[in-house]
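Each of the two complexes below includes chain A, the first together with chain B, the second together with chain C.
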Partner chain A sequence: MDPQIIGQMLVSGALMGLLYALIAYGFQLTYATSRSLNFGQGELVMVSAFVALTFTNLGLPYGLMLPAALAFGALAGLGVERAAVRLALRQKSEGWIMLTIIVGLFLASAAENIWGRDDRPFPTPIPSDPVHLFGIDITPLELSVALGALGVMGLIELCKRRTLLGKAVAAVAADPDAAELVGISATRAVMLSYALSGMVAALAGVLVSPITTVGPTMGAVLVLKAFSVAVVAGLDSGFGVVLVGMFLGALESIASFYLGSGWREAPGLVLLILALAVRPHGVFGRAAIRKV
Partner chain B sequence: MGVSMRDGAKLAVAELNAAGGIQVGKRKLLIEVVERDDEAKNERGALIAQELSAMDGLAGVIGSVNTGVVMAGDRHFQEKGITKIITPAAGSDSMTQWVTAGAKDLSIFRFAAADGIQSAMVVAEAVRRGFTKVIILHDSTNYGVSGRDDLVRQIAAQGGKLQVVATEKFNIGDKDMTAQLLRAKAGGAQAVLIWGIGPELAAVANGMAKLGLKIPLIGGWPLSMSNFIDNAGKNGNGTLMPQTFIEEPINPRVASFIATFHKTYNVTRMASPVSAAQGYDAVLIFAAAVKQAQSTDTHKIKEALENLKEPVPGVIATWRHPYSRWDPANELTHEAFRKEQTVMGEVLDGRVMFANQADKDRLAKAGMGR
Partner chain C sequence: MRRFLLLRSAELLAVLLLAAVPLAVRNPYALGLLTLLAIYGVLLIGLDVSVGYLGQINLGQVAFLGIGAYTAGLLVAKLGWGLLPSAMAASGAALAVGALLALPALRLEGPQFALATLSFSALTGTALNELEALTGGAQGLSLTRPPLLGHVLESRGFYWLCLGALALVWVTMRNLLNSHWGRAFEALRDSPLATDAMGVGTYRHKVAAFAMGSGLGGFAGALYAFNFQYLQPQIFNYELMAMLLLGVVLGGRKSQWGALLGACVVVLLPNLLSSRRLFLTLSALGLAAALAAGIRGLRRGTGAFQSAAPIAATGLLAVGGLLVKHTEDWRKAIFALMLFAVMVGLPEGLMGFCSRFLAGLFRVPPAALPRPAALDAALPARPPAQGALLVVSDLMRTFGGVKAVDGISFQVEHGSIHGLIGPNGSGKSTLVNVVSGLYPASSGRILLAGARVRPGLVPMARAGVARTFQNLQLFGELSALDNVMVALRDVFRLPLPLVVTGLGRGEERRAQADALALLAFVGLEDQARVPARDLPYGAQRFLELARALARRPALLLLDEPAAGLAHPDVLRLIGIIRAVRQRGITTLLIEHHMDVVGELCDRVTVMDGGRMLAEGAPEAVKRNPLVLEAYLGAPEVVS
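Our next item is the complex of A and B:
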């Protein structure tokens, strides 16, 4: 088999995989502080993309549209936390599972009603003509997805490790009650994590839309893959999601080439089952020891 | 597609009503429209078909975009003998299912170029351009799968001049077609024969541009949908597809239809010109059947449709005896379109134009004799 074709598949797949990783990272952020996930994360990606498209259509240049969309994402994340998560956490119930799904469904219906059911193109100043590198075609758009995803994940990880705020969040993650005792507001930390998670979703939406177009169902496909990535990598390993995301993306390309396009999703699901059977806390995750 | 079809149909209804309605006996009857949206969901379509076939005084049904919806719902109309004109769903199974079932009588008619005609044209176009190696890409819906079978059948029927280097499918919602297209590249395909619906088709065109695959995309008529043309942008140029209607004012009748449509719906381009024109002409044909039957009874309208005496001047063609009595062995008796009413269209900078000047001249002439 032509090595160029294999290389092309690996690279295209891995670049798509970084997007899964970025969305998976959104899951990790909230899981770290509150052991809860936003199951409507895909809908946040979608709504943010539509809002970004609206900003663009209003004439906002890319440089202003991006921060505006990120701000919207952060606000939407806060909204999810307030509407679906806070009360459930306070009651120590698992109600957030159902509630975040409901918020997601609500956003999906709202988007259909506001923007319609059609997929729409997303204009971008980043060129989409391919660049030829070592016999492999890559578009600057794909590179922007990779750089954006890695950049923002690196930045957040750095803040988590190096700043006082990051340490406070880590303290809440370790033991919310103890953190409260030393004067850290657990609620604030959870709010922050949801805001960041929403922002990450918005970034994913803006980055992927020029490639995939914007439509009310765009989030559903992405989020399922992202969830697999998060679970396989482990819900507490930032670098794990990057590796697993790229691996899953490349695996999908290879599988659909060799096994036929109908089998595209199969290896990912097998991987998910294997990971859950062999390492239920994730390939890169740490086994949690719970004192009973 | 559905919205364009509805808008075209309602335009015809508005014009007929504005002219006083349809003369039945001593009275002129106005057409009243009942609208339902199946949301392209098979199960929703089945429910709507049940509801409509139980409705009192319903003269007939026009519509259905998706072959899957037709397959799920039409048996309810057939059971009650409700006259239905299918447009714009083109999948072959919509009509051949009744041949397979051995229906003795049929109240279902089609007003769209069936995939049988379309796939024959697609294969002929590839052969005409001297291609020998092609890849077949299709979506995994009823429509895509039946289109793939039609293509394979046509390649064999037209002398097996095309070698299929790979047959690949994709799902609704898929955005990344790299793997499928690399198979085309690896196999040295000279054209992509494709059966699918708008957004995924655009993903294919964009994927081809990314991989530097500069070969033509030839396929079913949804390649003329605005959600293909807009989402593919310049990557859509040169794409070829069979069309029953091209939004070019080639003769006065067509020009007036296009102008009225643009004005009524405040657009500069029809989202799906084929759907709009088919919706419009289907209503005219239905109205002609009501007039001939001198009744709004759906069974009598069906009898009239099977033997329309007066020619119906539409925007696609002047329809002379479009249908005949149902022959359980030949679904063409209830199909209005033949190859003559279908031309090749080509995408050029966001619009669908005539691919062949000869077709344009022929249709321009045909419409002059009004």
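Our next item is the complex of A and C:
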């Protein structure tokens, strides 16, 4: 077995893995403030990608299309929060699981009917000719995914730590009731986290589409892997997702090489079930003590 | 009795009606739908075990349908097995895989559980697709329906077989879910902690429930394979899973009628969509219902969102039905909108709503309760004994660097009431949590009646320790009576196979009588039917006490039982604890109210900073300068 091919697979797998990490990061954002996450996040990625494609077809340049798509993602995230999450949180029930699945189902159906069932190419100004680095080919597209993902995650983390708003959100994450007592609106913090999460999903959609094409089923595959990454890393561990995402990406490109591309998703799924069995709070997460 | 007869005759009538349909209607298409209805009925009753009773969103049922279908299909097509053995093997395979998945997955709650089952579904889909040598992959698997005991089944005969299967599953599961098993399932949904502390064993029941639901999924899968005689992996996809959940939630959780109703919706919905007029009529009806309910809800002060969202969803359904070209193309969106409206506006499902409506209409009284048992039967007096019941020596429990309990030693004498007091944060609750088995000790020894007990809530509970919780841990949705019945010890002896055949009824009556006696003991006999979460605060405290007594404990741990009680209730509590002592039960009482401690306790241990500060008779302890200092601070020296 040629080590260069293995190296090639590991690197491109790990770069794609950063995309899973990005979507998983979106789960962490909402989980931190509200202990909930959007089970329809994959559909949000997909619809945002379609919207971005529509903007591009309308003639918007990349530099305008991207912020517009991000804004759409943020709005969609807010919509999910309002329609599917807020009521359940207020009732302290887990109804949000079903409700976010329902919203996802609706979005999937709408996308199928509005944009069609076919996969479509996504034009991008970023070149796709590979660059050689130490005998390994890396395309600028793959690099854009990695940089975009890391950049946005870094930016949000920085804001969380450095700004007053970020600290307010962190306060809600630590204890919503106590945060309310000092005048921070927990509802607003949850809304903000869902908006950010939607924005992150939209970014993931725009970044991945030139590589995978845009289609109504693109989100379902991505989101399963993002779930794996989020759970394996731990739903409350900031940068663990980056490591786990890269690991999972590399693992699955190896798996699809040896077992056939049909098994591509299998390692992530097995990893998720195992991780939940062995360390339900994730590799990088903290275990909670049962208080009575 | 009247209620019992009404329910049974309704069930019988439904089966007879369903069985008679093919005699009158000769339409093969309708027959196909009815067959599918029976199959989905089985599937949804299985799904309801985890969604309704365990209260977990289970996204794995579609995988068990697939596993059952392929197991049966392969056994028939490749090995030429008969109908009954292959159906049984299919259920067995799904049951085994379900149990295997449950072992890790059921330590999880809520979203993590949903994710684990979702991954399992996706993994099953991948395996069915990729194991081409076995399953034929995307090409699909063809089989011919095997004969039943030598009889070749045409479609009508097969329908009756499926209906028979549904009836069998219906009766079996009803017996099971109405027994202490079903009660345990619901208890662990409401408070896993208390379920363990009552010695019921959360984990065992969860695995059993999930495996049973999965087994039913596998059984339905076998019927599915025999019905269509052709299988493809992509049938068992996410969309079908969403539809199944729709069925359970729409029909109503924790109700077999609800599951059947849900199966009707799942089967009929695709057909409703093919006729635009029918679809528009139904969505208009839905909109009218949502409007009526919404306006009424607004008047009664239900949240604006809960009233408006179903109207918006059904409105979108009606308007969309007018606008779009082919309603079938929007199938998923239509499911989504319907499900959304029901989830938000009618959380108990159609059946929950209907049964309340029907019960009001016919004025059916709830089933009568037996007379309470004698207290000696429900809570037998323990023979008096000498010496120490509980010996704690050098017990330590640390959290990180914090020594919550720092090497404490004390004894609790048989038949005594032993007080444990100390300022906030002195480690009392941690001590109780270690003694009751919730936290393992970091070091040190606990002896109960001279023997070491394996650490853990369940072993401790089985060894004779029962406790209450400072922050109440009742089974909120269960009635007060059921709360006590969950904890009853030495009453339910019948093995599972006899319970499902319905022989548990006698046991159930005896358990009710015992539980009523215990409720009367704490003064709650009039509130037996009230759901625990609807009881007033004081009554909830007494209910926890009755539930702990149902364990017939040797040692009763009361963690601040008087906290938040009004004065008359405190007096009542003192009376009850005295009466408990007269039954020979030893009590360890953690309390802040000094008057309660002084009135009741034989000996008092005072804790501070995780250590023992003083011990002795209540009066002596109260005057101990060390104790005064710990509670009130050091006396200031006036110069």
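The definition used in the following text is that the second predicted complex is superposed on the first by the 286 of 292 C-alpha atoms of A that agree within 3 Å, B and C clash if a C-alpha of one lies under 4 Å from a C-alpha of the other, contacts with A are read in each partner's own complex, and residues count from 1 in each chain.
Here, a contact is a pair of C-beta atoms (placed from the backbone, for glycine too) under 8 Å apart; a residue touches a chain by one contact, two chains touch by 3 or more.
Note that this is a predicted model, so its numbers are computed, not measured.
Colleague: In the superposed arrangement, which partner chain does A:131 touch: chain B (first), chain C (second), both, or neither?
Modeller: In the superposition, A:131 touches no partner, neither chain B nor chain C.
Colleague: Determine, under the contact definition given at the top, whether A:13 touches first (chain B), second (chain C), both, or neither.
Modeller: In the superposition, A:13 contacts chain B only.
Colleague: Does chain A have more residues touched by chain B or by chain C?
Modeller: Larger number of chain A residues touched: C.
Colleague: Check the residue A:211 against both partner chains and state whether it touches chain B (first), chain C (second), both, or neither.
Modeller: Only chain B is touched by A:211; chain C is not.
Colleague: Considering only the touch criterion stated at the top, classify A:262 as touching first (chain B), second (chain C), both, or neither.
Modeller: After superposing on A, A:262 lies in contact with both chain B and chain C.
Colleague: Does chain B (first) or chain C (second) touch A:158, or do both, or does neither?
Modeller: Touch partners of A:158: none, neither chain B nor chain C.
Colleague: Of the partners chain B and chain C, which touch A:64 in the superposed model: first, second, both, neither?
Modeller: neither
Colleague: Once the shared chain is lined up, is A:174 touching chain B (first), chain C (second), both, or neither of them?
Modeller: Neither partner.
Colleague: Which chain A residues are contacted by chain C in one complex and by chain B in the other?
Modeller: In chain A, positions 220, 260, 262 sit in both the chain B and chain C interfaces.
Colleague: Using the touch definition from the top, list the residues of chain B that touch chain A in their complex.
Modeller: Its residues touching chain A are 140, 168-170, 173, 175-176, 178-180, 182-183, 185-186, 198-199, 202-203, 206, 209-212, 227, 230-231, 233.
Colleague: So in the complex, the part of chain A that touches chain C is made up of which residues?
Modeller: 36-37, 39, 83, 86-87, 90, 94-95, 97-99, 101-103, 105-106, 108-110, 112-113, 220, 224, 227-228, 231, 260, 262-263, 265-266, 268-270, 272-274, 276-278, 280, 289-290, 292
Colleague: Where on chain C does chain A make contact in their complex?
Modeller: 55, 57, 101, 103-105, 107-108, 110-112, 114-116, 118-120, 122-123, 126, 129-130, 193, 238-239, 242, 245, 249, 303, 305-306, 309, 324, 329-337, 339-340, 343-344, 347, 399, 429, 433, 438, 469-471, 473, 559
Colleague: Which positions of chain A touch chain B when the two form their complex?
Modeller: Residues in contact with chain B: 1-2, 5, 8-9, 12-13, 16, 118-121, 128-130, 132, 137, 139, 211-213, 215, 217, 220-221, 252-254, 256-257, 260-262, 264.
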